[in-house]
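The next block holds one structure in the form of structure tokens; read it before the comments.
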């Protein structure tokens, strides 16, 4: 082993964090013969007094990432998983309060939804009673997300979703834009508007002294308002639709102070069928992959400060 | 340009095919204010008298892949998309009958399902009447598949699905297996059984002289029987569950003669919590990625010949 | 547990196989201070007398997939990994000869190449002598593949590669093709030709009575001929280039009897800059994703029978 | 079209940006018969006076994302692509200076490296002279990245790389860490250390009044120091290796002020072969996928302020 002293200036260590990422935990709760599933992907990031491990490799302040993994599974047993948010809060509190050198914990959780086989379309009668009670099919639509940050005093909870793909087959236009010497686009008065919604919303709740939101209900409400705003907005630009989705949530969900969207414009190009002697009356579209317009913005409650980063990340 | 004569023996050209793959077409049908969506990914593979293009590069027999793409979009307008199967049949017939050198066409189609916003959970009343009529969210569960092959005389239709993830949280055991010198696995009397179903079923229909199945209804029925067999089978092995799913479909869907499954055993390992003084009573599982057991088999109607390849491919 | 008798006719079980897929094994060999790496992804598929496990769930003939995983790691220690092919042969022989009910084993292996840090560009002098001996960077180019099949008597070895992306920036044309009513493509007399090569080649070797090829050398030679044929062919069609690559390998590698290619035509479209008053003299291209032409063919040694499936699979 | 007034308080619009993402441009430069390739993926994000398009859908300030795409291709012709950084600077300057409402442009570029066929292993003599001049194979190792931000006055350039996978097969230990009630990990005195490097470094250059760095040379130097520091560090923790990589770059590349790493600890677990009567003397490892340790930190030049976001994003 070579000897590696603390490097001489002029180099400094900046923000740093570590932990075990992507711990896949499935928690089954048995309510008599009826089972319930919570399916999570939990990532831990801890920070604090960690200079030495960077400078000399001393692990005297380092709780192993393997231990953070074990803690996830142990807590799933000890505390159950009522909601991803509450589970993340329990984990964050544990790391910050039990380890002296750890000053901040950030817990990120992805949640995958399951629905009961035979009940999605109301025909549960077709499945044997036992099957319906413990048999599930993964819903497969959006992935629910949350990020819990705790510094020993204040909480920050940012929840959201990704991979929710939506489309309006009409009631979208795009015209009246700037034209410069590189502009060739034709104006559109009836187009498809489609996007894959990635959204993160920040809760106002930040202290153990006040009551937590009902995380499960809040998620359902935010998702419902988002979808309905998308469906009901006659759109002149994807930015306008974004703002409608965001302001609808701020207006209706008092527990949410800020929301940020990253919305790829999933272009559906009307195919020119004239060379084949056919008229395309908004019937046949080419769904394109790349490039795509990318529209991103934050919508906030008046008087609050934005805290969600400009770039949304996957986990 | 160099001169490239037909290569001297001893080299031969074997099976070959070409065409445009992954043509993404979205077909909107307007029924008054109510819109309907078909969202397909269409891949064309043509074969026939194609020796020259391989030996000398002469394209005299080659309909460009770009033309096969154009044909997909033109046909979506001319014929609509009643079902992926019917659309594939129209395309295959066209290529084989309109181009002398083309002797066989194989059309593969992926279909992505959409559901109306506001109607999935029965609360359509929450969305403005107009929105519900042309606003959609991608269902995101399984991808539906079909492959149509036509040689000018006989049809072969193989349909199916992929990426349908299912789980039974109990009613699964695994014991009584062979032990050799490399066996360390403990027997299990109550385990999670989960898999991501990839299935392909072959229809008996093969001639224009007989009536086609109702493709849309057949898909729904096959999918329903598959899910119900999964849910209702008390399983001693994933092979047993596979066979139950297959035989249930053969028994109930007279139009289907053969079905092949590729079922990864998505292991959910019971986490050992004893080191932490906790008892894990089938509550906390680690969902593993790799490696995974892979169980594959064909189930057929008595008296029929298997035709589905051993290895299922994605498209 | 419900009672599940062998199902009544008319249902039959067809081809079936099972085993552990994607076992990731890294084998380090220490030659003094100099280390060597073999990095493999091994998938096992066994078949034989397996009716009962499908019909009744009896595992009396079933060696657990977990055991097949253990065997991979134990064999990596016991036999080392001289080449992926030889390792696969050892595994296949073991399963077929040690387990009465198992009649056939198919072993698939992916291999990832590593190169020494500091030696890729000849500047190893920059790295401390110790580092260069045990420090590696993943090469990241193609993935090497092999599939070994053994029925107790005959061997079949199909090796190959995937994800090898190549491009000729000139010496490619496309014209003289068939035009029908859906053809709009313009002829091209100087285009980019690019593809992501997926190739599988079958060895003539099939019996323990004859000497195995030198698998490592054969891979290097086949890859070299493939790349050189791609580079040196003035191409009038991707089919012609494919045939040149295949026949070059058959001509030069006596141990290989058959090769199949799946070549997506990675379209690079010349961008029309005329609207901006610019001439694009084969300088600026748009690299497209989907759709893509897909060209697939088998090239064989005269007098041999094709055995490689029409559809190449990833593993 | 419905009438959508500026929403009443209490909702505000926060940071917002838009543009075309993932424009795939390939630029060929012909130097006589010898061709050179630049292969880029360019993403544009513009911000400025964009309130109206969010509130009312008025596009009067909106240069279409389609136009930003066209500009990428036109600039590739007009200015060539000397380096990704210089190309991004030209684009950013154009958008900010030519469009009154646009106050800031952020250009992100991924670059894919190609090498000449026949020259990677020094045997160019094997390829026909013409082939070697215009035939390429994609290198496939890391992806090079840059992000250019310009507000009309100051520049910020953050470059880097992702997907560079490295491994030391020895000279790594992990011991002396904190143990709590959830710790089960055994200390290791000789382990594999492997990671997939994602790094971003920020240049000190920020003004047109000072001379730009030599971007191509700087990339090669930063990459070389990073790899060599990885290879030469006897590691007691991945944090220590990270810090060595970062400080080596700060020490040797005067033009770089800050660097941030995101390093997944790609665990290679020593397989327990004792149940099979075998001793595993650091020879056989299981390469695991999830979960993984994730180590992230910033290293900076003394006296500079950190500007690279805590979370690195892909594009």
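A, B, C and D are the chain letters, set down in written order, and residue numbers restart from 1 in every chain.
The rule we apply is simple: contacts are C-beta pairs under 8 Å (C-beta built on N, C-alpha and C of every residue); 3 or more make two chains touch, one makes a residue touch a chain.
Quick caveat: nothing in here was measured; it's all calculated off a predicted structure.
Enquirer: Give me the superposition rotation angle from chain A to chain B, based on Cα atoms, as a multiple of 5 degrees.
Expert: Rotation angle between the two copies comes out at 180 degrees.
Enquirer: Does A-D or A-C have the larger number of C-beta pairs in contact?
Expert: Pair with the higher count of C-beta contacts: A-D.
Enquirer: Could you give the separation in Å between the centres of chain C and chain D, each centre being the mean of its C-alpha atoms?
Expert: 29
Enquirer: At what distance in angstrom does the C-alpha mean of chain D lie from that of chain A?
Expert: Roughly 23 Å separates the two chain centres.
Enquirer: Please report how many Å separate the Cα centroid of chain A from that of chain C, as a whole number.
Expert: The mean C-alpha positions of chain A and chain C differ by 37 Å.
Enquirer: Check each residue of chain C and list the ones that touch at least two other chains.
Expert: As it turns out, chain C has residues touching two or more other chains at 24, 70, 74, 182, 184, 275-276, 289-290.
Enquirer: Answer with line, ring, star, complete or other to describe the graph linking chains that touch.
Expert: Basically all the chains touch each other, so complete.
Enquirer: Which of the residues in chain B end up touching chain C in this complex?
Expert: Going through chain B, the ones touching chain C are 1-2, 4, 7, 9-24, 43, 45, 50, 53-67, 69-71, 74, 98-99, 173-180, 182-185, 233-237, 239-240, 242-244, 246-247, 250-251, 258, 260, 264-265, 290-303, 306, 309-311, 313.
Enquirer: Once bound in the complex, which stretches of chain C touch chain A?
Expert: Residue list for chain C touching chain A: 181-182, 184, 275-276, 289-290.
Enquirer: List the residues on chain A that touch chain B in their complex, please.
Expert: For chain A paired with chain B, touching residues are 24-30, 35, 37, 39, 70, 73-74, 76-78, 114, 117-118, 126-128, 130-132, 134-142, 163-171, 192, 224, 227-228, 230-232, 268, 271, 273, 275-276, 278, 280, 282-289.
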